[in-house]
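Chain IDs A, B, C, D and E follow the sequence of writing; residue 1 opens each chain.
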Amino acid sequence: MIDLLQLAASEAKAPVIDYRELSPLLALAGGSVVVLMVGLLRSAFARRVLVPALSALTLLVAIGLTIWIWESGDREPIIEGALAVDALSLGVSMLIYVAGLVTIVLSLRALAPEVAGHGEYHSLLLGSILGMVVLAMAENLITLFIGLELLSIPLYVLCATELHRRTSLEAGLKYLVIGSVGSATLLYGLAMVYGAAGSMQFGEIGAALGGGGLSATDPLLLTGIALSATGLAFKSSVAPFHQWTPDVYEGAPTPITTFMAVATKAAAFAVFLRLFDQAFGLAQLEWGPALAVLATLTIVIGNVGAIAQRSLKRMLAWSSVAQAGYLLAGVVVGSELGVRATAFYLAVYLLMNVAAFAVVVARERVSERGDDLAAFEDLGTAQPWLAWPMTIAMLSLAGFPATAGFIGKFYLIDASVEGAYTWLGIAIVVGSVVSLVYYLRVVAVMWMGRYEIEMPGPPRRIVRRVAGTSPEADARAQPEVAAIAILFAAATIVFGIWPDPLFEAARDVGSALPNLR
Amino acid sequence: MSATSFGWLVLVFPVVGLLITSLGWRALPGRSAGWIASAAILGSFLSAIGALVDMQDHPAEERHLVDSAWTYAATADLEVDLAILIDPLSVFMCLVVAGVSFLIHVYSVAYMGGDRGYARYFAYLNLFVFSMLLLVLAANFVLLIVGWAFVGAASYLLISFWYRRGTATAAGIKAFVMNVIGDVGLVIAAFLLLSETGQLDYLGVFEEAPEAFGRNDGTLVAACLLILVGAFAKSAQLPLHTWLPDAMEGPTPVSALIHAATMVTAGVYLIARCFPLFELAPTAADISAVVGTATLLMAASIALVVTDLKRVIAYSTMSQIGYMVLGVSVAAYGAGLFHLMTHAFFKALLFMGAGSVIGAMAGAQDMDRMGGFRKAMPFTFVTFTIGALALAGFPLMSGFFSKDEVLAFTIDRGGGYLVLGIVGYLAAALTAFYAFRMVFRVFFGEPVPEARELERGHVAHGEPMNPATGEPEDTDVGFPGPEHHVAERSGPMKAAMAPLALLAIVGGIVAVPGLTDTLEHFLEPTFEESRFHDTAPTEGAELIGLVIGAIISIASIGVAFLMYMRRRGITLELRDRFTAVHSFLSHKWYFDELYDAGFVRPMATAGSFGRRVVETDFVQGFIVGGSTGIVRAGTSFARAIQTGFLRAYALLLVLGLAGLVLYFLIASS
Amino acid sequence: MTVHLSIVLFAPLATGLLGAVLPRGWARWSVLAGTLVVLGYAMVMLADFESGAGGLQYATDDEWIGELGIRYQLGVDGLNLFMVVLTALAWVPCTLWAAIREHDRAKLYFFNLALGETAVLGAFMAQDLALFIVFFDLMLVPFYFLIGGWGTGDRVRATTKFVIYTLSGSLLMLAAAIALGVLSVPDGGELSFSLAELERRSIPEGSQHWIVLLFALAFFVKAPLFPLHGWVPETYRSTPIPVLALLSAVLSKVGVYGFLRIVLPVMPEGSQHWQELFIVIAVFSILYGSIVAFSQDNIRLVIAYSSIAQLGFIVLGIFALDDKGAQGAVFQMLNHGLVVVPLFLIVGVVALRSGGSESLRELGGMAVRAPVLAALFLITSFATLAMPGSPNFVGELLVLFGAFEDKLVYGLVASAGVVLAAVYMIRLFQGVMHNRLGPRAESSDLGGLELAAVAPLVAVVVALGIYPQFVVERSERATLEQIAAAKQHAESRSGPELSVSK
Amino acid sequence: MDVVWFLVLSAFIFVIGAGGVLTRRNPLVVLLCLELMLNAGNLALIAFARMHGDGSGQIFALIVMVIAACEVVIGLGIIVAMYRNRLPIDIDEMSELRG
Amino acid sequence: MWFEQVLFFVAGIGALAGALGVVMLRNPFYSVLALVVHLIALAVLFLLLHAEFLAAGQIVVYAGAVMVLYLFVVAYIGGSDEPLAAEGGPLGVFGPLFAAAVGVELCIAFVASGLKALGTRGAEIGTGFGAPEQIGELLLTKWLVAFETASFLLLVAAVGAVVLARRRRGLEEEGAAPGPRREAPTETLEVRV
């Protein structure tokens, strides 16, 4: 017994910790703690100004470090293969950081941090970001799961932060319960995969499939794949696991909604790509069709669901469901082109949605109609600097040319045709046709609003002032929001006409996953 | 100058006139517009003479002069030039058209003097003359079709010249559409010829035709019949004739020029022009002969009962054209064109006289209201009577020779043609009768108030009203102005009518059997290719024909005299006895009703069906509504399952999970 | 000459943006200047265009999006030369028309006009399939705003319907185009959408069939042809006149142009496969459009349905797969555009003089004190009904000849459309200009600027009527090259059916 | 005792947990059911760990225990907050967001 | 090894019973207690699977600490017996049905799998397997990241709990006090159908 212990002890050697690759995560963790501490200070300045500033600083540092790592392009899994620091994870984490910055800016005048306490609010946010990055970098099942949870748990809280508002709590609860069901399913799925493959490492699972005696059609494995697919599909709000999305997006404070819409999706799809294209890559023939069906279903449901919405947050939520369907197409084909297209579209998606949500934030704070369509009437003449970003965002989401959205869709369709899923490309197209109905309605309300516009049927409940109504905030008093909207709308146009930089990154990301078609 | 450059001049003059009168419509003072227009036509008449003279210098076999201005359209195997063809036929037509047109222009200068649309009128008139000359000078089918459609357009514009008249515009659209039908026929015919002979120039086609087609070749017959569609539409032959009587809505000089002397004879010209084709396709030729004969009989019969002065002359025009068509269809080209010429003279004359009378009647056209104008307007009376005599084929009048020559040729062909000839003589009797029915009813008997007025020395002024419907005119666009014009009062009208009267009398001398064959000889170069070139009735036969014709015309003039001078009222008895016949005739053989039921209504029905049913139910309802309906359904479904109940969401999640796992389990085995 | 086309292409947009920054009231003039620049360039092109020379002239070819194989590739040949000219010719009077009136948010209005011209020009000059689609869809944005923002009646509904309808077609085309590009990549080849390249590559016939079908869907909606014209009535009713003129004159041509530029040369087998179907659709549209046209009471709708019939003729000419037919189609595309613009501007004039009424029942007798208006209206009407002597006649003649050549029966049925055209156009002309004066109508002639907007185009029409060969000879070579492949394929397939008996 | 027995057992537990989530309306109980599902996962993990004779499965299970605890804490926190806002502690009552 | 088998069945039945108890029992108190039973049973099973450390952790952390927390909350809120009557309807039927379907599918997956090892008692293992030494070593070497992240997660969770559950004076002053009655004024919008 004793000697066994000594044996074990002698075997135990500390793992090599590559601090350089790890630095962004450390920065985030540290930042989150510091912010929490600073938030405990009494002075309003510390809470209202210093905390956001520090969080933003943290993210900027993380971005800087990420770029630094990206520049020196060595791409080895670190710490016993727990984390993969490659173009995919780095690129996605960049998106996440940007989304985080946006959220911090949008939260400046929001009510949520007031209620939750700035320190807590921001440290939770940073914690969630950390979770996302871990998720994006996850190279084995455990890291994947813990990352997912670290992503979700702060979000459950953040959704509920406007405690005095019933819908906020409802959103939190729904998200928590459904989310936990989702992650439990995922857990079970991962367990089965582990059981089938006998390893937690993506690489080794892939190897096992590749000839390590594990057949790609083993029921245990496939069921595991099915369960984990369900879990991830839930996180990326793919139908039929999407239903929490509209409710949570509507109930949550709008800055958080923005964050969830763009960042969560990015992280979820990153891991989707990594797990399915790398670990399960060789079973693509099995899971491809199933996911394709899910994608189609998602596209349809998301778009038809959005048509009926008057609340813009809700509409964007539904549209994000549809977008998830488009993105899934890139996963389905399981090809390098698919990875590129997905990555590209994630970036584009970030630009468009941030622009749109920023305008929603700006409006709902001043209009007593909250985020209802009616609050946007005649914005074109009243506040063109808000109407234009919204218009561009809508057109881009609808996939009009000269916007990044068009190229994104083009890329995705290209990928799906390339991967012999032409009908999926057609589905994407049909979906965007349907989506015109609600995107154009927003544009019409803003520019042609003086004339009666066919609104969707009366909402089942009274339209209520939605999140974040802070009385002191009015249009001119929140330049930062308008700035965000304009900035991202401009980016949408620029990348719509000159997308090469994004393509560069996308190509880099595509090369991250080894042995793809 | 060469004949062809003269030919171009013929076309240029009217264009110049058109441009001046139309662009200068505001500037031109008084009646200058009319005079400018007339001068232009005179110009092209003189150029036509020039062309004639120059052409006669060429040896007979070289009298087909083609000159091309520029390529009109050339692509693939199609090659069309903007080219004119100068040969005896076209020059002859130019002379007739330009000559008569000139006189009618002069007449119009006075007749339309009081009309608000004076300049517009002459612009249209010049446009018409240009189009007509283009039609006859064209050297290929495409250009022919262009001229063809242009005359149609000009005639449309002039028919609905007084466009505030509902009847006028209606008549205009009717005429236009019928002409377009003709155009389409020609287009298709042109294609058939192109596809078989590879060209569209007259000379080329006629060159190729004998090689390209066998006798009575199916395609060729089709082509000829389609050509006939065009010809009949223009020349108001069965069954495309109904527009001509309505065309009388236009000003009287227009009726004289377009709907009597020139445009309506274009069909005859076309058949004559395409004689090589028709001789290769005798079936088509025979059909056209039969149609011509039928038309001439039908029109003459209707002319017996119509009481509207101008419409009587219109129907007589139809029947006279029937003679011409018959002539050119039985290869009596000279005769047919001869009748075309004489008819132009006397029919124009008749219309001018009628116009003068209508002027005196303050716009009324109903013969029942007329009578006793003999003393009031002697000049009109004389000239009109001359016209009537010529029309009736009274011995030694121009019409006498031309008509009988046509019939003589017809009978000479023997066989079935005999029947046609006999019908022709029968119709001749009717012709003479209704011609003098007009004369007697208008100029003899008790003078009507308007006549007395005129005798007392001033023209009657009635409230201008639409002769067809009797509703008061909207004088805004000037229905024959406030003052009316009668030949007695205005030099220009006399100046125009006198020469025509003369020609109506002596026009026949160009082809008196046995004595002269100027026309025949002149046209020879065009028709020498004809198979029937040297088959002609013997002089004896012709003389017999003349005698028969003379007897018939004199006899039926006598009958008319008895019925309308001696025993008035007998007409009423006859009408009462043969009510059926009368109503049949006075309803113009029910053609209008037939077309109304056959084409107009169905089209309208189809239109409203398309608008009401197809548009709303199929296009909007099914296609648009269907697709949106699906989306709506999907939307309400998505909303329906979005109940807000957490456990329901979880349920769907589990369901989806079950489904997914099931799929994978199936995939695994 | 690479600058050349890019300048033409972006001159309007530039002036539009300029107008947006200039003080109020200047936008209109700056945009008008832009359209004039384009017109000038178009005339220069027309002047130094070499009819004989095949291939593209003034070609521009730069990399745009390498990753997707999309090139910024512009060029002009006999086929699109006159489309460009038409665009230039159409935009000037319409902009002028708009410029002499007051609009709220004028800057936005004229910016959209300018953007529209750029987009249309781009679609016509693009030599890269993807680029074509980019402009094809971009076109909708300005028109969406123009109709929805400045239209009349239930305009938002109309414009939404218009955009969704058209985009549903063109997005499907997008998918088809990408499929075309991807499927045609040879082993080890690069993805490319350059038309020239696509013509060289070969696509399996099976996939050609559905790809052609999707393209046709987009183009038929745009044209529009019979069953797919659901957007027409509302849109035509509520679109502002100058915009409507452009919509009907130019936009409708982009679709049918696409057939000649893309579908026939790139997918000959596919085109031949659907030839019969498309011809049937075309012929049916001719008859249906004409019949509905003469039962309409609203002048705009009369012209709307007449355009359906006219476009039917064009498509018939294209899919006759015959030299004459294609020539006629190309020529007819130009002619229809040239007559429709004045026609709609005249409708605008009439509406101004009748208290906004556009119903034939309430109009009439306007010719009296407006002879110039009447004359111009008359000429355009005659041209529209393809009266011999008008350029449209030559166009239709060629189309019909082309159709007779191999599809005699369809040709004969179609020629009934010529007669019907006469009926509805004359009915239209009379209903507005003749008969008794309408209750609300009052007759007064064109103002100076109105005349300046309408007359020149009519003059062009007349000139072309006298010398159509001007167009035919310049467009001949390119057109024949475009249809050559499909024609050859058709000849190899088609038996003696329906051809003229020898 | 064969591994598969443990797995089947875990499957049953998982299903019971899921069924509980679907049927119970008291959020507290729902949280308990979630615990059940996670535990099922744990059992499966440990069974597999035993099967492969590989420790990582147990590590995973350990981590999951932590996570489960965190979820519970947050869940209870939300429930408490609801209670503070005098909201009914009933999942079906929390259905204002819908459509 | 009859002893093991007996133990398995006893514990297994205990676990299932506990689970069912959680779901079935009306009173949250009893549900919690049922869960405790379930957890203990699980711990036994863990032992059978040579996961001694986890078994211990299960008992101490889970069945101990967490459940106590639960009981406090239940006590705080007052574990009202919820009426199960309303839980009939589609959910009452389909819920268990679909869940059962999933269960069946999972079992099929396990049984039908081609993996031989499933039918064995498992691979040969050293005695140290599942012992604290091994766990600790793995945690600090191979699974360092997971370990650290988990610890961070605990911190975050604590913060979250604080955010959610602490009484905040600041807000009462700002007037945004809890309670539906004092919510922001609602308004209805006239909407055209």
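As a working rule, contacts are C-beta pairs under 8 Å (C-beta built on N, C-alpha and C of every residue); 3 or more make two chains touch, one makes a residue touch a chain.
Every value quoted in this text rests on a predicted model; they were computed, and no experiment measured them.
**Q** Can you give the shortest number of steps from chain B to chain E, where adjacent chains in the path must touch?
**A** Shortest path length, in steps: 1.
**Q** Which other chains touch chain A while also touching chain E?
**A** B, D
**Q** Could you tell me which chains are in contact with chain B and with chain D alike?
**A** A, E
**Q** Which one of the chains is closest to the middle, using the mean of its C-alpha atoms?
**A** Of all chains shown, the one whose C-alpha centre lies nearest the global C-alpha mean is C.
**Q** Please flag the chain sitting at the greatest distance from chain A, going by CA centroids.
**A** Greatest centre separation from chain A goes to chain B.
**Q** Out of every possible chain pairing, which has the most C-beta contacts?
**A** Counting C-beta pairs in contact for each chain pair, the top pair is D-E.
**Q** What's the chain with its C-alpha centre farthest out from chain D?
**A** It is B.
**Q** Once you find the CA centre of chain C and the CA centre of chain D, what distance in Å lies between them?
**A** About 64 Å, centre to centre.
**Q** Roughly how far is chain B from chain C, centre to centre by C-alpha average, rounded to an integer in Å?
**A** Spacing between the chain centres: roughly 37 Å.
**Q** Counting only Cα atoms for the centres, state how far chain A is from chain B in Å.
**A** Between these chains, centre-to-centre, one finds 79 Å.
**Q** Can you give the whole-Å distance between the Cα centres of chain D and chain E?
**A** 3
**Q** Residues of chain A touching 2+ other chains?
**A** 142, 146, 149, 153, 156-157, 160, 163-164, 166, 173-174, 177, 181, 185, 188, 192, 195, 218-219, 222-223, 246-247, 308, 437, 452, 454, 459
**Q** If I count partner chains per residue in chain E, which residues reach a count of at least 2?
**A** Residues 91, 94-95, 98-99, 102, 105-106, 108-110, 112, 118, 134, 142-143, 146, 150, 153, 156-157, 160, 163-164, 178-180 of chain E touch two or more partner chains.
**Q** Could you list the positions in chain D whose residues touch two or more of the other chains?
**A** Only 7, 14, 17-18, 21-23, 25, 47, 51-52, 54, 56, 59, 63, 67, 70, 74, 77-79, 81, 84-85, 87, 91-92, 94-99 qualify.
**Q** Which pairs of chains touch each other in this structure?
**A** Pairs flagged as touching, ordered by label: A-B, A-C, A-D, A-E, B-C, B-D, B-E, D-E.
**Q** Using the touch definition from the top, list the residues of chain B that touch chain E in their complex.
**A** Residue positions touching the partner: 645, 647-648, 651, 654-655, 657-658, 661-662, 665, 668-669.
**Q** Show me the residue ranges of chain B that touch chain D in the complex, using the header's touch definition.
**A** Touching chain D from chain B are residues 639, 642-647, 650-651, 654.
**Q** Under the stated contact criterion, what part of chain E meets chain D in this complex?
**A** Residue positions touching the partner: 1, 4-5, 8, 12, 15-16, 19-20, 22-23, 28, 31-32, 35, 38-39, 42, 45-46, 48-51, 53-54, 57-58, 61-62, 65-66, 69-70, 73-74, 76-77, 79-80, 82, 86-87, 91-92, 94-96, 98-100, 102-103, 106-107, 110-111, 117-125, 129-130, 134-135, 138-139, 142-143, 146-147, 150, 153-154, 156-158, 160-161, 163-165, 178-181.
**Q** For the complex, which residues does chain D have touching chain A?
**A** Within the complex, chain D contacts chain A at residues 7, 14, 17-18, 21, 27, 30-31, 34, 37-38, 40-41, 44-45, 47-48, 51-52, 54, 56-57, 59-60, 63-64, 67, 70-71, 74-75, 77-79, 81-82, 84-85, 87, 91, 94-99.
**Q** Inside the complex, what are the residues of chain A that reach chain C?
**A** 380-381, 395, 399-402, 406-407, 409-411, 413-414, 417-418, 422, 425-426, 428-430, 432-433, 436-437, 440-441, 443-444, 447-448, 451-454, 499-500, 503, 506-507
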